[in-house]
Amino acid sequence: MMKVALLGAGRIGQVHANSIAANEGSRLVAVADAFPEAAEKLAAQVGVDVKSVDDILADKSIGAVLIATSTDTHSELIERATAAGKAVLCEKPVDLSLERALTTFRTAESNGQPVMIGFNRRFDPQFAALKAAFDAGEIGRGELLSITSFDPAPPPVSYIKVSGGLFRDMMIHDFDMACWIFGGPPARVTAIGSAIVDPAIGATGDVDTAAVTLQWDDGRIAVIRNSRRAGYGYDQRIELLGSEGLLSANNVLENTVEKITTAGASAAKPVYFFLERYMRAYEIEWNAFVEALKAGARMPVTLAEGVAALACAEAATRSAKSGEAVAITADMLVG
Amino acid sequence: MMKVALLGAGRIGQVHANSIAANEGSRLVAVADAFPEAAEKLAAQVGVDVKSVDDILADKSIGAVLIATSTDTHSELIERATAAGKAVLCEKPVDLSLERALTTFRTAESNGQPVMIGFNRRFDPQFAALKAAFDAGEIGRGELLSITSFDPAPPPVSYIKVSGGLFRDMMIHDFDMACWIFGGPPARVTAIGSAIVDPAIGATGDVDTAAVTLQWDDGRIAVIRNSRRAGYGYDQRIELLGSEGLLSANNVLENTVEKITTAGASAAKPVYFFLERYMRAYEIEWNAFVEALKAGARMPVTLAEGVAALACAEAATRSAKSGEAVAITADMLVG
Amino acid sequence: MMKVALLGAGRIGQVHANSIAANEGSRLVAVADAFPEAAEKLAAQVGVDVKSVDDILADKSIGAVLIATSTDTHSELIERATAAGKAVLCEKPVDLSLERALTTFRTAESNGQPVMIGFNRRFDPQFAALKAAFDAGEIGRGELLSITSFDPAPPPVSYIKVSGGLFRDMMIHDFDMACWIFGGPPARVTAIGSAIVDPAIGATGDVDTAAVTLQWDDGRIAVIRNSRRAGYGYDQRIELLGSEGLLSANNVLENTVEKITTAGASAAKPVYFFLERYMRAYEIEWNAFVEALKAGARMPVTLAEGVAALACAEAATRSAKSGEAVAITADMLVG
Amino acid sequence: MMKVALLGAGRIGQVHANSIAANEGSRLVAVADAFPEAAEKLAAQVGVDVKSVDDILADKSIGAVLIATSTDTHSELIERATAAGKAVLCEKPVDLSLERALTTFRTAESNGQPVMIGFNRRFDPQFAALKAAFDAGEIGRGELLSITSFDPAPPPVSYIKVSGGLFRDMMIHDFDMACWIFGGPPARVTAIGSAIVDPAIGATGDVDTAAVTLQWDDGRIAVIRNSRRAGYGYDQRIELLGSEGLLSANNVLENTVEKITTAGASAAKPVYFFLERYMRAYEIEWNAFVEALKAGARMPVTLAEGVAALACAEAATRSAKSGEAVAITADMLVG
């Protein structure tokens, strides 16, 4: 039974707390949060103590920390936690700065502790089934990948301002999916973006609608489409054309009821938000982390992979500004 | 916080134990089972004591019992538990004998305790959404209802022999759905059945494939189709034609992945068994029971409704034998 | 090039005229209709002469007649045309009277001319694909067949009065589909029907909503559901459960466009009427007739099969009245 | 009744010949082709004369010509035909050279004859329904358009060599769809392409797989994906995210039959080739041309729109080479 501390008691921290509790191999023993009230509330719910980060890192009985704090603290906490001998599962992204993330990687590596980045979508049963079918050769060699990722509604502009921009904050998930499915980062990235949903988002210098193309050296192509506002729900689809066919992972709908009247046929919408769509993915993610630690196996999502997704985001951000394709060079990646 | 005892620690008892634990208004405090080992195993899992039925009924602190024992004990346990002042949620069917069930109804009524029958499908989110849309008038007046209910594989012949037959054991669920959707029992029933899946089932005098039609006095019609063996999974669909359109509740699939190759398009099957399809329904069912008790409201599924479903099963059994439509008469129902 | 005369210049006659013209092996040379205006109009459209039935039957150069007149003339015209040495394609049903149809069968047989009955649905590409997959063994042995057939709106009550009733007029198609798919007529039939769509239909003694079950001696079962009014279009589906899986032929939709908004997902309705759904089927039907004649092969739908469908309709009509299962006996079928 | 001559008797010329024949307002009177045998064969089929282009253009009774010759002759034939006072429907693209197409536009304009370019997909009932719903405001303002267009199999390399490249030959259709749906050409284009399906295509300097993004000045974005080889059929889909929802036009399938077995659920593939998918579109296209001529209305697809699609193709070709976004400037378009 591994003892675990949770850093960050916000919405996503609560989700993780449940996953930790549900896994028979892990036990949540402490919660920390910069806001004492949030920490107290969650700690009370799950019946554990609130502790400071320092105390948690000093506690030798704690084997792992789950970092679900704000993005600007991820790098430092990964470095400190691995220095303290803890295994780490850290929410995405590693950092908003690619350079900083690369430093963190080197530090964590020299600390010799396993670090997993929380790209939860890899554990979504729909996407995992697509990946499994592809890896089993069901559609031959991959050629053209398409990822659709639309949020139901944009976050507050105050959040947008500190988010690092759509490519680092939102599309980072899709970059990871593309790298995961195609087995490594692309050679070059082109990006266009618009602030068409809300001019206030444009006023911050960010975009709310974007299309990105990735190209691998062997010619494989991926297309990612993002919108901050689909309105009808959380639109999350992946489609992969291979040399022998097409695979697609479609949305999860609210229910299976259909209606036909003179007005036409109608059916349920996709589930509305990421907690509904990905609740099960978060649980499987945690189980995979625990399992890998127990087995001494490679992390299911490595810190190096977290850096690669950030490199794509960095390249896309630059391409959207310059109008030029941006190469993913060796210095943007982990050796 | 209502204290609850669970009578019956088999497969379905375990499902209910989880639902009781997940509801903040109820707490499981005791488990009983005719097989001490089963009781011990479940009790250990959930951290409660094994007790005898006698001790449970004598314990004044226990407010409700959930009866998940074998069918032949339902009637007696309902009678005893209500006599002991407990609220009851009892698995379907009330009894294999309609006469016995009617007696139980009268006894429970005089005991003055609420009794709910566990027709879990009413709480399935798909069927509940269909019912809600229908009740909201989205397709006008109901005219022709169709219920498809195919099991993935037949149970052992040893079970078939004591099951009361397909109409009482399996189609009982569908009779309840029809009565629930159309707001009361039908006026007459016709049934045909065949043992075409497995001659060994036929040898017991039972059928494995059946089609039943129900007709209400105002002309509404329902058609129920059952098969003990669909092979591909648990096929559970409802379709309702109204004066202004059609509603259908379709299967829940294993995932949303599709594939297209030169061999055609393919997709996932329906989930394989009732625990996958109805796990959530069982949880909602228990919550509805607790909620109704707290509010002093009418049970979400009454014992009288349990009797009505059994009356349909009785009529269908007779019709399948005689080849004649069988009327549901007043003496087959609760006053 | 076979010369063909068309008897009956109504709506369905016009459809057949187009099919005859489109087939390179057949040429329409004459049109007859009890209403001279109808005959003149169609004849002008397709550039042929109006002739009397007598003249057509006397014309030795005419090899085949297509009978698309009112039902009450079918039997006599089949008899006369085959006596005159013509091959015949006659619209369904053979007659409203089973006895009369049996006589017609015997007469046509002794006349030695091929007669095909126009059960167009066998030639619908959807249903034909289902049948082909079934015959290829893709779902093993057939066990439970379901046929859904809803019209968009009821015909005028004046038509209902002379129609022979829903079972003979409308469900006759579905009886033929069931016999076709299962390779022969059932052993017994149960039927219930209601006039719930329109009391005026009930006042004529007919029903507008019905459910029928058919059972074969080896246990196979078919369920047919009919409604005179679906409202949203022409709902035509077949579903077949076999020992190794399920086949279903679904509706043809108006288009493939889908929409998702906060109000839900929506899509196109089924095409509205039989001419849209079955236009291609009528054309394939005629081609199959011409092909069979050319090859001297068995008619794709025999007169005996037309009689069998009528026997089912007769049995269903009686069962709906008596509430008893009605056997299909040898005297109701062609030896 | 307008007399029409068909220039070009190849595969697509034959399709057009049928459409001309089926329209009551037009009559095919002559066929020309550089290969006399092709012209003779088609002329015999439809019962008209073979004539030279010179004779056709000199014939004052001929009101319109349909140009379905090889692409390198389009510009000259448009110029000559309009000079001869004929209305023109010309197959896409106008020319492989944008400069040449601009010259042709100016010539045709000064000749004062109506010219329509044969972008048949605008007339596909699926895409037309999507456009109609969008224009009716059903999903609000358009934001992000996605066009998927995969051929079942690549053409011969000999064709690729003279095709002008994927962007001008294949994606030209999709550029027109994007401009049509969004009401005008985009401001800039980025493109990437790979020869991943067949190295022999790469050896010609062309690509077989490509992703292009278009951006309008107000921020709207379109993404186009092309592959020369889907294998399973002709994959033709459009999806449009608007401020209030999503519209999608999906593939047309071979039939509506589905199967579920233990191996999963399966269904029909998309129809295999453009003639199956777009046969009806070609017919509607011709009818729209005849209708517009009769009404003296604007051509349903103007020559200026044909030039705009070519401008997009030109920009995409350049962007795929340079890795930079290419602006669509005023000099690339018709005043």
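Lettered A, B, C and D in written order, each chain numbered from 1.
Please note the rule applied: contacts are C-beta pairs under 8 Å (C-beta built on N, C-alpha and C of every residue); 3 or more make two chains touch, one makes a residue touch a chain.
Everything quoted here is computed from the prediction, not taken from an experiment.
Engineer: When A-D is set beside B-D, which has more C-beta pairs in contact?
Structural biologist: Answer by contact count: A-D.
Engineer: Take the average of all CA coordinates in subunit B, do the same for subunit D, and state the distance between these two points in whole angstrom.
Structural biologist: About 58 Å separates the centre of subunit B from that of subunit D.
Engineer: Nearest whole angstrom, what separates the Cα centre of subunit A from the Cα centre of subunit D?
Structural biologist: 41
Engineer: In subunit D, which residues are in touch with two or more of the other chains?
Structural biologist: Within subunit D, residues 231-232, 235, 244-246, 260-262, 268 contact more than one other chain.
Engineer: Building nodes from the protein chains and edges from chain pairs that touch, which of line, ring, star, complete or other describes the result?
Structural biologist: complete
Engineer: Quick check on the complex: what are the subunit D residues that touch subunit C?
Structural biologist: Against subunit C, subunit D makes touches at 125-126, 129-130, 133, 138-139, 244-252, 255-262, 268.
Engineer: Applying the document's contact rule, which stretches of subunit A touch subunit C when the two form their complex?
Structural biologist: 231-233, 235, 253, 260-262, 264-270
Engineer: Quick one: which bits of subunit D touch subunit A in the complex? Just the residue numbers, please.
Structural biologist: 143-144, 146, 148, 150, 188, 190, 192, 194-197, 209-211, 213, 215, 218-221, 223, 225, 227, 229-232, 235, 241, 243-246, 323-325
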